[in-house]
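Across the two complexes that follow, subunit A remains constant while its partner is subunit B and subsequently subunit C.
== the complex of A and B ==
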């Protein structure tokens, strides 16, 4: 009985962590290049909605994901134009996009789905990998995930490799630390930052699409519930390091999953309090870690060439 | 055929013309020095050649081909490299990572860079640990990395913008030797400096700039140094005396002191006493490590040292802008250790801070407001500002200190650096009570005329019985003004020389930690 509950807890913890892992990993790279995308949550929400819509219309969740990523990338491109080329305040731009995303998805959802909201949306099946399932306790939870969940871990590895072993990664780090020096070394600060923001957009798109077509097979208003903000927190908590960021995302995922575990164990804790837990944890994490981890020096500071 | 040809280059920043119709040839295999005062346009010229700025008029050719770089990347592609006045290295990356930055190859190949670094070490004697992080290196080592970065790609033209300002004397020698070697290999070097001593040692030709125009281009063989100075400052050398010699470092000789330059032989009672001062920065690194110093009334004590050895922190602590970790500071019998700037001012300390723009004045406010920043209460009646009284007082002060501005109501930002600094001096020297003056890098970025005024003010303050602590990175300045020079090295005073026994070599050796007196 306990084993079964633990398996459910671990499984749902991982499942809930996946969208945050996607978004945080992309955001980490973008922030290493010096651009903070507060619009992350908006990108995810728009992607979640678009993926649901496209999947419902075509019957293919794969097309749904592709459409979701496309829309999130478009938002990222707009964010990049405003914050890199036009040097607008990155935080204000991000907040604007989030409000726009919430308003537009809510409106379109009511217009398009309205009465159909009970219709299931075609989604991905779980892979059920037998070789993983044999691991005791965590095995079944690891094995019963959709393909996208494994992709999220793959993206962490890919992002780590990019930052450590490619010249693009070196350029990203340089541009986020000292754009002036990078510029004088012949690197295009604007190009590097655009690519960083678009990368964040693609991954946030995957994260958002995961929510609607891989996890719940439905769309609900404001379904991200601040997952994008949690992802930004995870980046800070993880000290701008891909592996620590992954750990922070898992922590948030499991904290959210406690809302399923605690009632199952018949403990007398109000569910509303448990729903609050990941956000409370995020606050504590930021308060405790912000001072200690060093953020990229040029984070949120637009670059302008000068003598 | 010349390597680089500039014709009719003009660059304006707003209403200010930084460069005006510059026509100049840089030959292959020559070291070409650009000489001029601050604001003469030297850096702007370099930035045009390196693509940091684009000219408003005029054309450039490089190796006979048109050359119009839209950014540093394009200049680099054409074989033009530059060492900037401020380092352009990413501080929290390793040497190898900085050298790989901006080089084509999708996957990083640190091994290739290390091999190339070994070649350069053999060729030019430029050695450095590829794995060291930039922020762990000394200023001289960082500059070595900059030069390695420049030479990696086998460039045609090496531009160095005031590279020696931050170096110790022996590092300057090494740098000038490298310039010669680079030129010997058929490449060209543009070296910006305002020190004549360096020019006579390294240049093939020198171009003098003044107010954005070329005054003269001279071959250095058999050139008359004095006439170069005259064309640089636009007036005769004699009139400026030792001040000018100090400012331009003629031949590296100590300027002779006239009798009026020398203060009282025996300073009076101690006005500033610093004992065992320790300061650790927020990372726990000790910046001041048990520094003790006494300044008497009526004397100017100079602090010499390579930048980054704790003199900046000493200035901040004396101004009350940083709290020491241990030790005591007493001014005229009053404990001021860890006091607020207001309390320190009340104890009779005048401060000319190192960072004029950030700390000494508020550029958006008017000159009059800046002159009475700390004494607003003086001009308020029933809590309201009495502007006309303040204006009148400001006018008097501006006249006394020769602050040139059209009116006390113009913004501080509209004044030249020299007049800003004179205003700061006017404010600080008008404090009452006043027993001690701290002047940190008081002539940085000023022209010769303003430098002279600052020196005279500092000497006058000394003659009025003030104790003065002068922190400066210009050795010539210290030797020209101080009654006593103490040398700071790694947060400690390592030696002291009295007026009359100053020597560049002795101070230089102490600055680099090689010798103790």
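== the complex of A and C ==
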């Protein structure tokens, strides 16, 4: 009985962590290049909606994911123009995009699906990998995930490899720490930052699409519920390191999943207080840990050539 | 911060002053135009939508009063935003500060304040709500000063923490939830006592306009005086422009960071308290929905001017009333106003390069 509930808890904790893992991993690379995308939540929401719409229209969740990623990347491109070329305040622009994303997805959802639609949309099936299921306790939870969930872990590895072993990764780190020196060394600051933001957009798109097409098979208004902000916090908590960021995302996922476990165990803890737990944890984490790990020196600071 | 030639920079800025007024106006007009196009694209009658919009905004004394009441809370949040931004702090946690202010004002009104004499019945809940918002904002200021925590992230997270707290308070019978009766079992508080409701300005003509208007007017004047004509305003500005230099000049920069966020949050808390005591009259879990971001946009649009906050707050107060009525009578989703707001923020932030040659942050 308890074992069964633990398996459900671990499974839902992982499912809830996946979108944050996607978004945080991309955002980590972008921040290493010096651009903070507060619009992450908006990119995820736009992608979640577009993926649901495209999957519903074509019957193929794969096309849904592709469409979602495309839209999120378009938002990222707009964010990049404003943050890099127009040197706008990155935080304010991000909030603007989040308001726009909430408005446009809510509007389109009501126009296209109507206010009461709860029909499931075509989504991915769980893979049920037998060789994973045999692991005790966590096995069933690990095995009963959709393919996209495994892709999220793969992206952490890929991002780690990019940062550590490629010349692009070196450029990203240089541009985020000392753009002037990087510029003098012949690295294009603007190009590197554009690519960083677009990378964040692609991954945020995968995370958003996961929410609607792989996790819940439906779209609900404002369904990200601040997951993008949690992802940004996970990056800070993880000290701009891919593995620690992954750990922070898992922590937030499990903290969110507690709201299902605690009532199931019939513990007398108000659900409302469990709802705020991930955010409280995030606040304590960034207040307590950010001093220890240094953020990229040029984070949120626009770069102007020849200054 | 690149400032090669201060004289030149000053000269350019003076020449560009009209742009600072022009940009918010032009971007608002463009955004509203796009909003109309979207309404037209849905196939709804634009004329009908505009009529419903106008009717909701200003169709009667009641609607005008309701719109201005909305503007009052938005103005207070916007004032809080420009107060913090004077010290180069970006308070995006208006939603949480409103929520805390409203929740504690409700608690004060329901538990004890009702019997107080001489108008204290509503003054005490207003003060309690203000303090609650101030604590919520001040917390972000403290984290910034003590731990270097970015206030944008902390105020956002504090909002995500405040909203479940309000939900908890209206869901628990031992907190603020009203007892279940045969008529209603909704998770909301009981209605506040009559003596704690804000007195109406024109009780005879049916307008809901209340004395929150006078409170907001006083707040506008005080914030304007402090920011433009006081040593405190100058010091906040110095701390915001160059914390290291200010510290070397003998200023306690931590104190000013915490103060700026506390005042900013307090204004938001007051806005939330006025919403409960003036219009809502009982607490629901989502009473603050959207007001925080609206107030933030108002603050952004105003470019640091208290007069700009008043104009922006009135604009958004009337827009919100209009959009609600448009959804009810013309069946156009009110989310179209959110789209306009998002566009306004993005365009204004993007045009900062035109109005402000100085590299921001």
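Please note the rule applied: the second predicted complex is superposed on the first by the 304 of 307 C-alpha atoms of A that agree within 3 Å, B and C clash if a C-alpha of one lies under 4 Å from a C-alpha of the other, contacts with A are read in each partner's own complex, and residues count from 1 in each chain.
Heads up, the rule we're going with is that a contact is a pair of C-beta atoms (placed from the backbone, for glycine too) under 8 Å apart; a residue touches a chain by one contact, two chains touch by 3 or more.
If you're wondering where the values come from, they're calculated on a predicted model, not measured in any experiment.
When both complexes are overlaid on subunit A, subunit B and subunit C end up sitting side by side without clashing. When the shared chain is aligned, subunit C comes close enough to touch A:304, but subunit B does not. The partner of subunit A that touches more of its residues, comparing subunit B with subunit C, is C.
In the overlay built on the shared chain, the residue A:174 is in contact with subunit B alone; subunit C does not reach it.
One geometric descriptor of the composite model is the angle centred on subunit A: between the Cα centres of subunit B and subunit C it reads 80 degrees, in steps of 10. When the two complexes are overlaid on their common chain A, residue A:153 makes contact with neither subunit B nor subunit C. In the superposed model, A:165 lies in contact with subunit B only, and not with subunit C. Contacts of A:129 after superposition: neither subunit B nor subunit C is touched. Looking at the shared chain after the overlay, A:6 reaches neither subunit B nor subunit C. Of the two partner chains placed by the overlay, only subunit B lies in contact with A:186; subunit C stays clear of it.
When the two complexes are overlaid on their common chain A, residue A:66 makes contact with neither subunit B nor subunit C.
Remark: least CA distance from subunit B to subunit C after fitting both complexes onto chain A is 5 Å. 307 are the residues of subunit A that lie in the contact sets of both subunit B and subunit C, per the superposition on chain A.
Those residues of subunit C lying in contact with subunit A across their complex are 2, 38, 42, 90, 92, 143, 147-150, 152-154, 156-158, 160-161, 163-165, 167-168, 171-172, 293, 296-297, 300, 333, 335-346, 349-353, 359-361. Chain contact summary for the complex, subunit B toward subunit A: residues 43-44, 47, 50, 52-53, 71-73, 76-77, 82, 84, 87-93, 97-98, 100-108, 149. Per the touch definition, subunit A reaches subunit C in the complex via residues 38, 78, 82, 86-89, 91-93, 95-104, 106-107, 110-111, 226, 229, 232-233, 236, 270, 272-273, 275-276, 279-280, 282-283, 286-288, 290-291, 300-302, 304, 307. Residues of subunit A touching subunit B in their complex: 165-171, 173-174, 177-178, 180-188, 294, 305-307.
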